[in-house]
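Shared chain: chain A. Partners: chain B in the first complex, chain C in the second.
Showing the complex of A and B:
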């Protein structure tokens, strides 16, 4: 086997501002979210389980971006908090359902809800989170008035629909063992599955509220897309090489699950015919029938062809493009802590280790 | 999985990206011309190598920096290093720019359809708003007022969202229907607005969706625009407006995407310019193209 190419080194940087802002935004969001969870029966089988994922260690990118974007355009946290809570609830509902769909075993350092509580209860908790996310959007009416409330609702509707469409693409590729994919296929799936709800809509909704509807929201599309794609690629890379205790999910989990990551697409495109055939055979098996030695072999093949450095380089390219778009998207926002946070979080997303 | 055509639909963003890359190579230490980035234009060049001193100077103009200046400088330096490792616009960024253009153009139509499930905008706008309000408020209740406000908000949002969305077949049954949801009575036509304000001497570019809601494909038609005229009588010549593809047909229940490009002359006066867009073979497909030009 050829020598293992070195991954693109990620210089250690200080992200004190990003981390402190994320912690503040997360605390705000969690406090408001807990208020939105009913304190009534059935507790043991439902409402006590709803906060489990949100309370686990996590970065809180989405509410952070939304609240910061609102602040960058002059809005208050109070005006955006309901929307931030709604997005965080949707996000956690996605996570619960993702874990069921993928058969994942751990999430944020603990067993997945499905592993801990069983599939049926986990699916229902995810459903409950989706339902509970509607109430904060209704509360917007009092804070934002009917026009902005409606606009936020339309943003959320688009966000959720794009997310389920992207998830359907990814699940469909796995089910039908589609392997002949390109970077463009991956980018489109990632846009739909991740970028709209992780970056684009949080920025759009925050700016919408902060500016009271005065800003053309399309200016955030490219910024959020490039940042979100870089984020997702980094997430996929971490899945293969992070410290499992820090990362909180099983390492190589994406290979076990047959996820169509940029690295898998790259390795498949680089491999010899014989290697490709073996990759296809591996991916054709249901997850439960995949063997650890095959997972290791796929990972080693990625090392052989430099698939991780390839993906890292693409993530960095997208991050630079996002920084470029940041200049345009936030061009008329004054120089504030919130604006600086949004700019710095771009590189944080591609250099994070959890 | 279905393969996607990398043909016509992807050319425009690719060209933009190349243009942006070329601009970056000649003006790498300055911001790109404002118009490069207006109207949806400007697939992000990897403009990561912005001069740190220039950035700091620009910030200084905006007022005193906070105590985070030291961390900021370190961040800028790391960003510059990252940017300098890249050459021209990377292929993955060009692909991403193309994809987001396509998805946004298609999403406009989807958003319009969803909103129209909740309210019949045509019917609502077919009557004087005051009459509608009066009728509903006869049995007034606070809740009714709230619902009306939400409906009004929805109607406005639908109109805004539909600004780049044209129904190519609505005229067959009941006369053309405006993209903003209004019945096309008299001279009322859908208005396709170029997003933002465009600087003179730049090219405005944006995607427009053409939806065919009927059960049959349209004939092949060619889009053409008349000259754009401002309220003060200033004009932008018709040959400055280009459609790509210029000729197309839209399959039943499908949406065609057209990139509209307007080359705004350098000495164009500021103001809002409007002109008529028509299609050969499709009598009902008419729209007003509106463009706001800023000061140079």
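Showing the complex of A and C:
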């Protein structure tokens, strides 16, 4: 599919509102999260390790979106903070296990938890973070009452189910070296692996709390799907541009790991039979046996076929679609700073370089 | 510490009641669990893998104890079945991750999930099983009402926290090659890693549901602690006798993995300085570099110092202590089949050979 330049907005937009809101939401979330992490034994094998990922640089999209969506529907930050902490802890637990599963070496500019602490402790720390993310949801009871607390639980349960299902698809494709994938396969996997927990449920849960259960939540599904898919594609693109970035994962990490990104699907679909065969041979090797020159060759092949511009164009199309849906999703929210933040974060997600 | 033969009951007791109750409870739990496991995509990378461990041979102590404790206080199996399923699913999730963390090769007579499906999918399947174990607890709402449903949640949350804390201790000791451990350290770790989720909370949750919240649950803590510790010691002993067993893990698996069992602590405390140094050198190697002749040598050293009889004696002492506590814990439960099952399972746990 050819890029559609019409959908690509002008570069170098200003995101002062987005960035200042993100910073505020992140500060709120982190301070509440640090209170929620036990300071007790076992320390060096468990609770000292739990804050390591959360304390690394990160934008805090998910709690930010949740808190803003709550505010947009008239709720206070205090009413949504426990849910924001839960989602951020869950996200970090997911990252810890994701790094184990992918055999990744660095995360947010530092060694992964498994590289630093060993695989066994890392798996267990991820488990502990999943357990700890339930506790703020239980604390909701006093702030939100039983009905809303229960509804947030139901949202979170759906969110986590979707995430493990999406993760299973992605890991299975890599393990079995599935190569005949389409953009639609990628988007289906991304909806499950990323969109629900990164965008859809943060919007839904925020609105649920903000409106005290008064609005239908399914209106956020398409908005969050388009935004989340745009976010994930941009994430994959940034992974291939890692040398230009201050923080991040290893350069070309996704190629090393054989991740089925939109770019890999595109390059495989565009390549000659001989190139395609070489891509397949490369992907058939276990990660530890892949060679740097092959990784560079795959990257160069993506450059040759324009896989990155292709993916960028798709991300922008999705962002534009999300902006259309935004009107519908937040139609009865008054014009507030929170609402503008949500609108502006859509393009920020595909234009960010971090 | 010398064995105390007085505490050792006569061997070859009959456990017809225990075994028939266990079989009944297990059948109930398995049929409810199979209904709770989604039959949907992704199948081969996720939901087909979830029942693999639960379907392997296993006694079902935990759901059995929970259902019996509920029955002993007048509750029906239907009122406790969702909680029994949750605990059994949680247990199996724990086993999946435990096998990844320990680098184990076989479980219940078959390859571990990570050996069979690869590490990445295994970690994710364990995560999915943890997620799925929440769903029966949500189904409690219709059967138990909001108050009891919430109390069961609180119990489960404590249970899972304790388990990851105990697991962290055990994994940390192995990773850092901590050798100066005492029986008390072992028992503290075992309380967290095993006793809460294997005995204490099954008894508590069963009694909570059976009595509809009418009795104080802390009365089960000592009973479950003694029983659980006895259970874990027997489990460790069986691991070293694996060649005599029909099903199980690899022979001397715990020695291969460097697990800090009561026998390892005993042999280290009994050994000469030269032997001790060789034990330490053995434990300092990464698991993959340990040699079979060294594993055999450690096992022979345990035989030389009587580490297995020592551990057997401790397990029986703990079982006898549990029987004392049983009187207190179940004092106001009428004499029923369920109550007798719980009493008889205490010695069964230390005399079982499977």
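Simple rule for what comes next: the second predicted complex is superposed on the first by the 339 of 354 C-alpha atoms of A that agree within 3 Å, B and C clash if a C-alpha of one lies under 4 Å from a C-alpha of the other, contacts with A are read in each partner's own complex, and residues count from 1 in each chain.
Definition applied: a contact is a pair of C-beta atoms (placed from the backbone, for glycine too) under 8 Å apart; a residue touches a chain by one contact, two chains touch by 3 or more.
The structure presented is a predicted model; accordingly, all values stated were derived computationally and were not measured.
Student: Give one of first, second, both or neither to describe whether A:314 is in contact with chain B, with chain C, with both, or with none.
Tutor: Touch status of A:314: first partner only.
Student: State whether A:118 touches chain B only (first), chain C only (second), both chains, or neither.
Tutor: The second partner, chain C, only.
Student: Who does A:160 touch here: chain B (first), chain C (second), both, or neither?
Tutor: A:160 sits against chain C, while chain B stays out of touch.
Student: Once the shared chain is lined up, is A:127 touching chain B (first), chain C (second), both, or neither of them?
Tutor: Once the two structures are laid over each other on A, A:127 reaches chain C alone.
Student: What's your read, chain B or chain C touching more residues of chain A?
Tutor: B
Student: After lining up the shared chain so the two structures overlap, which partner does A:226 touch, if you call chain B first and chain C second: first, second, both or neither?
Tutor: In the superposition, A:226 touches chain B alone.
Student: Once the shared chain is lined up, is A:45 touching chain B (first), chain C (second), both, or neither of them?
Tutor: second
Student: Touching A:174 in the superposition: chain B (first), chain C (second), both, neither?
Tutor: Only chain C; A:174 stays clear of chain B.
Student: Taking the superposition on A as described, I'd like to know which of chain B and chain C A:324 touches: first, second, both or neither.
Tutor: First partner only.
Student: After lining up the shared chain so the two structures overlap, which partner does A:151 touch, if you call chain B first and chain C second: first, second, both or neither?
Tutor: first
Student: Touching chain B in one complex and chain C in the other: list those residues of chain A.
Tutor: The overlap between the chain B and chain C interfaces on chain A comprises residues 141, 146, 150, 154, 157, 161, 172.
Student: Provide the residue numbers of chain A that touch chain B in the complex, in ascending order.
Tutor: 11, 13-14, 16-17, 141, 145-147, 149-151, 154, 157-158, 161-162, 172-173, 176, 178, 180-181, 183-185, 187-188, 191-192, 216, 218-219, 221-222, 225-226, 229, 314, 316-325, 327-328, 334-335, 337, 340, 343-344, 347
Student: Going by the contact rule set out above, which residues of chain C touch chain A in the complex?
Tutor: 41-42, 44-46, 97, 100-103, 117-121, 123-128, 130-132, 134-135, 138, 141, 146, 150, 153-154, 157, 160-161, 164-165, 167-169, 171-172, 174-175
Student: Which positions of chain B touch chain A when the two form their complex?
Tutor: By the definition above, chain B touches chain A via 1, 4, 6, 31, 37, 40, 42-48, 59, 62-63, 65-66, 68, 71-72, 74-75, 78-79, 81-83, 85-86, 89-93, 95-100, 103-104, 107, 110-111, 114-115, 146, 149-150, 152-154, 156-157, 161, 195-196.
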